[in-house]
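I am attaching a structure below and will ask some questions about it afterwards.
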């Protein structure tokens, strides 16, 4: 399946927005592992995922054409 | 001795600023009693005294030429 | 005894939004500040037994109020790491919808500014000899009491 | 799901004191209000390893931030008896000394306005996907982290 990856803040400095082809990955836990292999700098960083703009709180299934946001710690205000 | 009485808020509506001659009154406890006899409406009201601009927290001696303020509950803000 | 000058907190008439804006703008050169907290009191058009409050007339025992406010100011600066603290209270006739109290605190991080602002408002209401006379549309009145 | 329209909280550039004054002035017709609470965030000229922060550049995941803010707004109105609630956050380059956050709550009595304002600031900082890039005078940068 194909998902859209969008990234923010300091993660956007090395991880571009892109379409990603996934094989055998069904949930956000597996996606984390995949992303950290593909983008090694991620593994040493704190980040949260949002699937279709909703923050991921527990392991969540991923579907074809989902949009996944990779977000470093928030620092608004 | 003589003291100055100043009053505020709703107390000022019936008790004018004035000089008061006192006989045999030495402290604020006795002054309260004296004032409530002289101005009966005071006895049903909550009020605080200040001697020379300092709020009276405990019974306080009064001296000749002191200025005593009679103050209803505060309602600033 | 502190040597600091006793500041006047009283202004005649309502506190305008232009005055508040100017006060805020003055802080843009104070670049150690990260958070500002403001409380404003506004005169309510309360309805009491069928009559509406059109204004509150504020009076004070000025010398005693300023001395007490000075004491509060020193204690607040002692207790919280504030960069700034400004307090303004109206005297005279303040119509409903107008602002009668403006408390403004600033600190590097938000918590001291917020906590100090709240504490100043509480202490000011409880400890400063200020009285509000609620004036109704028919010119009768009653004396306000803080809860 | 609520039917209420999602409000935009984002403004490009700093929040001016004139904007704040206008926002305050608009409330003078709301005569059920007795207390207003305001929090403002201001960009600090922090010194970090000998370099001074000259500005913060704010970006956001806008759709997600506005949806979350909408949720917070509804929960705050549920929890506190507020008359009004306004939130504005800057995007883009905000220089030190400039205001980047403006939270404004109003209620009949002071406590709900004060408590709601504080809670909104806390939640906004913890829950909204907004990022601040601290830019130093030499144009290097580091990413801000909220404590």
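Here the chain labels run A, B, C and D in written order, and each chain numbers its own residues starting at 1.
Operating definition for what follows: a residue touches a chain if its C-beta (ideal position, glycine included) is under 8 Å from a C-beta of that chain, and two chains touch if they have at least 3 such contacts.
The chain lineup, named per UniProt: A, B = MoaD/ThiS family protein; C, D = Molybdopterin synthase catalytic subunit.
Model, not experiment: these values are computed from the prediction.
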Any chain that touches chain C and chain B: none
Inter-centroid spacing, chain D versus chain C (mean Cα positions, whole Å): 23
Interchain centroid distance [CA atoms averaged], chain A/chain C, Å: 49
Rounded Å distance, chain A centre to chain D centre (Cα mean): 27
Residues of chain B whose C-beta touches two or more other chains: none
Residues of chain D touching at least two other chains: 41, 121
Overall pattern in which the protein chains touch one another (line/ring/star/complete/other): line
Every chain pair meeting the contact rule: A-D, B-C, C-D
Contacting residues of chain A [partner chain D, same complex]: 6, 8-10, 50, 53-55, 69, 71-77
Partner chain A, residues of chain D touching it in the complex: 41, 58-61, 63-65, 67-68, 89, 100-101, 121, 124-133, 143-146
In the complex, chain C residues that touch chain D: 17-18, 20-22, 24-25, 27-45, 96-99, 106, 108-110, 114, 118, 121, 147
